[in-house]
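Each remark here refers to the structure printed beneath this line.
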Amino acid sequence: MEISGLAPVPAESLEQLRRVSTATLATVLYKLGFRNRALTDVHPIVPNSRMVGEAVTIRYIPIREDVDTPELLANPDYPHRKVFDTISAGQVLVLDGRGDIRAALLGDILAMRLKQRGAAGVVTDGAVRDGTGIRQVGLPCYARGEHPNATFHLHHAADVNIPIACADVAVYPGDIVVGDGDGVVVIPRHLTAEVAKSALEQEELEAFILEKISGGAPLAGTYPAGEATRAEYQRWRQTRR
Amino acid sequence: MEISGLAPVPAESLEQLRRVSTATLATVLYKLGFRNRALTDVHPIVPNSRMVGEAVTIRYIPIREDVDTPELLANPDYPHRKVFDTISAGQVLVLDGRGDIRAALLGDILAMRLKQRGAAGVVTDGAVRDGTGIRQVGLPCYARGEHPNATFHLHHAADVNIPIACADVAVYPGDIVVGDGDGVVVIPRHLTAEVAKSALEQEELEAFILEKISGGAPLAGTYPAGEATRAEYQRWRQTRR
Amino acid sequence: MEISGLAPVPAESLEQLRRVSTATLATVLYKLGFRNRALTDVHPIVPNSRMVGEAVTIRYIPIREDVDTPELLANPDYPHRKVFDTISAGQVLVLDGRGDIRAALLGDILAMRLKQRGAAGVVTDGAVRDGTGIRQVGLPCYARGEHPNATFHLHHAADVNIPIACADVAVYPGDIVVGDGDGVVVIPRHLTAEVAKSALEQEELEAFILEKISGGAPLAGTYPAGEATRAEYQRWRQTRR
Amino acid sequence: MEISGLAPVPAESLEQLRRVSTATLATVLYKLGFRNRALTDVHPIVPNSRMVGEAVTIRYIPIREDVDTPELLANPDYPHRKVFDTISAGQVLVLDGRGDIRAALLGDILAMRLKQRGAAGVVTDGAVRDGTGIRQVGLPCYARGEHPNATFHLHHAADVNIPIACADVAVYPGDIVVGDGDGVVVIPRHLTAEVAKSALEQEELEAFILEKISGGAPLAGTYPAGEATRAEYQRWRQTRR
Amino acid sequence: MEISGLAPVPAESLEQLRRVSTATLATVLYKLGFRNRALTDVHPIVPNSRMVGEAVTIRYIPIREDVDTPELLANPDYPHRKVFDTISAGQVLVLDGRGDIRAALLGDILAMRLKQRGAAGVVTDGAVRDGTGIRQVGLPCYARGEHPNATFHLHHAADVNIPIACADVAVYPGDIVVGDGDGVVVIPRHLTAEVAKSALEQEELEAFILEKISGGAPLAGTYPAGEATRAEYQRWRQTRR
Amino acid sequence: MEISGLAPVPAESLEQLRRVSTATLATVLYKLGFRNRALTDVHPIVPNSRMVGEAVTIRYIPIREDVDTPELLANPDYPHRKVFDTISAGQVLVLDGRGDIRAALLGDILAMRLKQRGAAGVVTDGAVRDGTGIRQVGLPCYARGEHPNATFHLHHAADVNIPIACADVAVYPGDIVVGDGDGVVVIPRHLTAEVAKSALEQEELEAFILEKISGGAPLAGTYPAGEATRAEYQRWRQTRR
């Protein structure tokens, strides 16, 4: 599913993002002036997931009984069907569920379809169902909760690939979405290369710091790294290469 | 602000809606199969308001620091400015604020602009500010709360006249929005005439019932009206005309 | 509506309770070992209300579509009708609405019926509707919110006069319910005389203390009253009689 | 514990329900007009549980200090003891804890007693404690949270086998309660056979659809199943038998 | 009550702050880089209040039964008494109640004592009681709710004049607290003069803009003020002096 | 980190506390008159943790942009650094995060530092990050949630070792903090020996009761233990020694 008007993101940057944590990304983005790029109260449904991909967005509003008829789901152009059939490899589907967990936005069948399409993962501030099945599918999946109810109990798919809110964070189509055990961070697309590079450096520095701290070093001077620690880090880094 | 593709609503229906309560409308809509047409936890900011008009919708998402710059508000095409300058007489502006009350979506200046344009009122599940000023302007206004912070602390206007969620209710552009002391009800546009007529009848019946009850009648047989009460109501109704 | 098995409450005690505040009652009950006798987040719908009466309780559960049919309300034995037709003078109807404000438990017609029956007031941790109408009826009314939706959108009346929860407080049929501008306190029936007497004394003492403080006395020694203040109070009290 | 006045449920239906998911049941019930039969925010405490049984209900209200004395628990007729000693094999105990998680409604000892009685499981919208112990007991258990506090910190058992609210769902004694990894669904007793049969069919169809989707089929035409898919399913189904 | 180590605030700045709204102050502070200086969900208890003063802070934690004995309140050094007896004229008492509204932090007697001391007002993210009495006292008072329970039901006063959280905003002793109908804004003390001056200018500009808008001007070019509007404003401003 | 003015706690009592559950402790404390000593909605981040230690407290307030500069973390006296470098073996760090989970109060590096210092564990009503890393460190850790954001997004460390609120419980420096799979209980320091002894006895009695119940005994007479059960327990206990 091509998102129109997007500049390409370097494949190398996506590769780098696979090696950094969402915690590091949140900090790097904060230093660039972004205070609110990590989703709140959204959890991994599939343990030990790592996810990196380009955001495809879909937005849901509450149902209205005369619009949300049983026929709707059979319409191949209904966004809640079409987006799953047209998403591209490497993309992450982000669903704006208004934080409402009283019905699921997807289950094992839709997760399987995403996987077949090569999607990198799926994220929502709503609920999912068939959690056991989703874990069998193995697609990285982040949600606020799990609920037996189907989407049509509560949610109407309104549109695709417009900017949305998800768990209190603005998500624009094409943003780069990264997930790990802590949750999900959304990187403004045009900053991907810069953020990935800084994050990787930060990650390496923190690996060094963690090694120092686990060796008994105090935080003072070490975390954040003072001059001596930074110098030592530079030497350590060169040895490692 | 013309909303494209809408069938006209009879002026008589709007007139009838001015004489019925949101409580009656919620019941009439329920009987037609609509369970969720009344906004929850949205209150009148201006006491003794009565409001009827056609919905113009605007949707907000969380801010992103590189998008929401000080220049944005000066752009006459930014929806958070443009919609206030182009709304038409008799329309109600409905703002999807995601239920977040940590910043206001409008204050006295924007309320005054709406009034100058002849808008029938304004409704949000977010907050407003300058409450005292808004009451002086006198435009019917419904919100979840009041907060000193300005819109740009929290909210980015994303688009205009697409279907939105407001206080857990789906609002489509062109829907008819009615407000009174209890809150706000949203009528699917194509049902306006039918709903208005039924509501007016229901309202008259309830006026009769209230008169009966205040005269000492029991609920049993009276509310809901049994056969005898309905017959008596028909006679009472003819006398009144 | 007689509540079986209740010992009478002295009329004098009810009279005393009309002269004390819920704040004083909450403190008196606390000193007797009761920590949780005041409803939280329940507000007066009718300004300047004062209410004292015996609790009649009614409990609601969520609707189930095959049980909650349109015919139910026409059944004179359905508790949501019967209790309003059989409540006695001086009783307070307390409705357990599970704190859910997405539909109203009563409006102006039911409030009028309660008034006609001589009820002392009505209290719920759910919502009401027709607030303007209820204020015209003038019956003391306490609720968590206001909402246009009718009861049958959400609530099924399950039973009458069993112990209930209301706003996180246990209410037993026959308990004495007192309301003022701060909210509502529920007194265990068997303690009414003791509580009323202590509260009235406490109220008088606090009137004296307020007079002292407004005259410039410090809190130290005055509130709580030290020995000197208590002695002075005894003299003041004798003068007033 | 016999629940009076209940028609029997076919053993075959209960058997069928053991083979369907709560997700499928929520959908089948929705198609029959029931919108709210799945508990919200209630989670399995014991992983990989599957539970089917008849609801025995118990209702709790907040404590009152003069009623909830230490002696109460030693009274064998106190519902919080009696129901655990009298529940029958195959029943599910459903506890209305008003959604309050600040104290546990049961721990390992009560769970063990339920298991000894042959109960099929236990469900509450409150909390449990001794989670590790409950997992060792191995009884299916669903709750909103876990908390070290005992029941008597917060909850008074008021009555047994009356209709209750649990996690925003009406539960009538004798309803059939089904639990799996997604949560809990409550089936109106008189519909058990019809629901079980439809659910099993739906489950088989979805197994086929999942197989198709995992083989690369698009959602369009497959989910929901179009004519061709349904025909193919009928052939597939016959082969499998 | 002198707060040690504070630089003086110009009396003229306090005077200016009496003429500006909290809405304007929130915007001025935002432009200076402060995103979170306005209290959320804290409301005026006394209508038409205006309040400006220096913050004295008091912090409450939950009670512990062996610490919070009846004797505590009689101890003149207990912060919940002492601060009311020692606050100085022009100061605003800000109480950190952790957002918990299940008990009141003050009632009419403590409000009267504050008034006698010349305090400028009182602000809490907890509850108050004796609302009617507080309105008679007439001291500006802002709170999250009203509740009959006394402080000792829930809150222990831990310390005075340390930095606190109030309604999600950091409040340092000596900060300048401003309240109006919208709520409360807290100005970092060292910025008072700068903020007051900017706010007054902003307020005058907005008065001019409101006049323009009420005369029919569009937002475009007017709000925010474009070059022409700014020039016109300068002329208007000179005429007014 | 020595906490001044504390009486020693018997090592034997700490040893006993390692063998009792938080559920038992909550009950023992309740019987001593303490109703609120167990944290609500705080969960183990590291599975199968058991934790006993003396509370070191740290309190956070919301950030203020001019105070919370990048330099702050490099200051070795900033409490959010210093407390981690000075905590002593056997202590538990308790962080008052005001229940706000929108940023983490610690991650793997700070957890590692605590472990190096010999801390017994860490507890917060806020969030943590690097959950996977924390589990690798293996330090007992209890929190309300997990979030990628760093502390400086939201929290400013205000002070160390003053009484705090954590998850609605008062925690005094030096209190004994116990954690297991159910959550966390805080014992007033001066009661440690008494509580530990009673809890151990209670734990043994409950082990006996659980054995009885798992052997088919009814609750009546067994739980709570009646006279016969208590006698049998005494015999059982002697055999076991």
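Order of writing sets the chain letters: A, B, C, D, E and F. Residues in each chain are counted from 1.
Definition applied: contacts are C-beta pairs under 8 Å (C-beta built on N, C-alpha and C of every residue); 3 or more make two chains touch, one makes a residue touch a chain.
Quick caveat, the model's predicted, so the values are computed rather than measured.
Touching chain D and chain E at once are the following chains: C, F.
The chain pair with more C-beta contacts between its two chains, of A-D and E-F, is A-D.
Sharing over half of its contact pairs with D-F by residue number, the repeated interface among A-B, E-F or A-F is A-F. As a whole-number value, the distance joining the C-alpha centres of chain C and chain D reads 36 Å. Chain C has its Cα centroid 50 Å from the Cα centroid of chain A.
The geometric centre of chain B is 40 Å away from that of chain D, both derived from CA atoms. Touching of two or more other chains is recorded for residues 35 of chain B.
If touching chains are joined by edges, the resulting network of the protein chains shown has some other shape, matching none of path, cycle, star or complete graph. Pairwise, the chains that touch each other are A-B, A-D, A-F, B-C, B-E, C-D, C-E, D-F, E-F. Those residues of chain A lying in contact with chain F across their complex are 21-23, 25-27, 30, 35, 38, 40-41, 43, 180-185, 206, 209-210, 213-214, 216, 218-221, 223-224, 226.
Residues of chain F that touch chain E in their complex: 33-36, 61-67, 98, 100, 156, 158-159, 162-165, 168-170, 172, 188, 191. Within the complex formed with chain D, the chain A residues making contact are 70, 73-74, 76, 81, 84-85, 101-102, 104, 107-110, 112-113, 116, 129-133, 145-150, 152-153.
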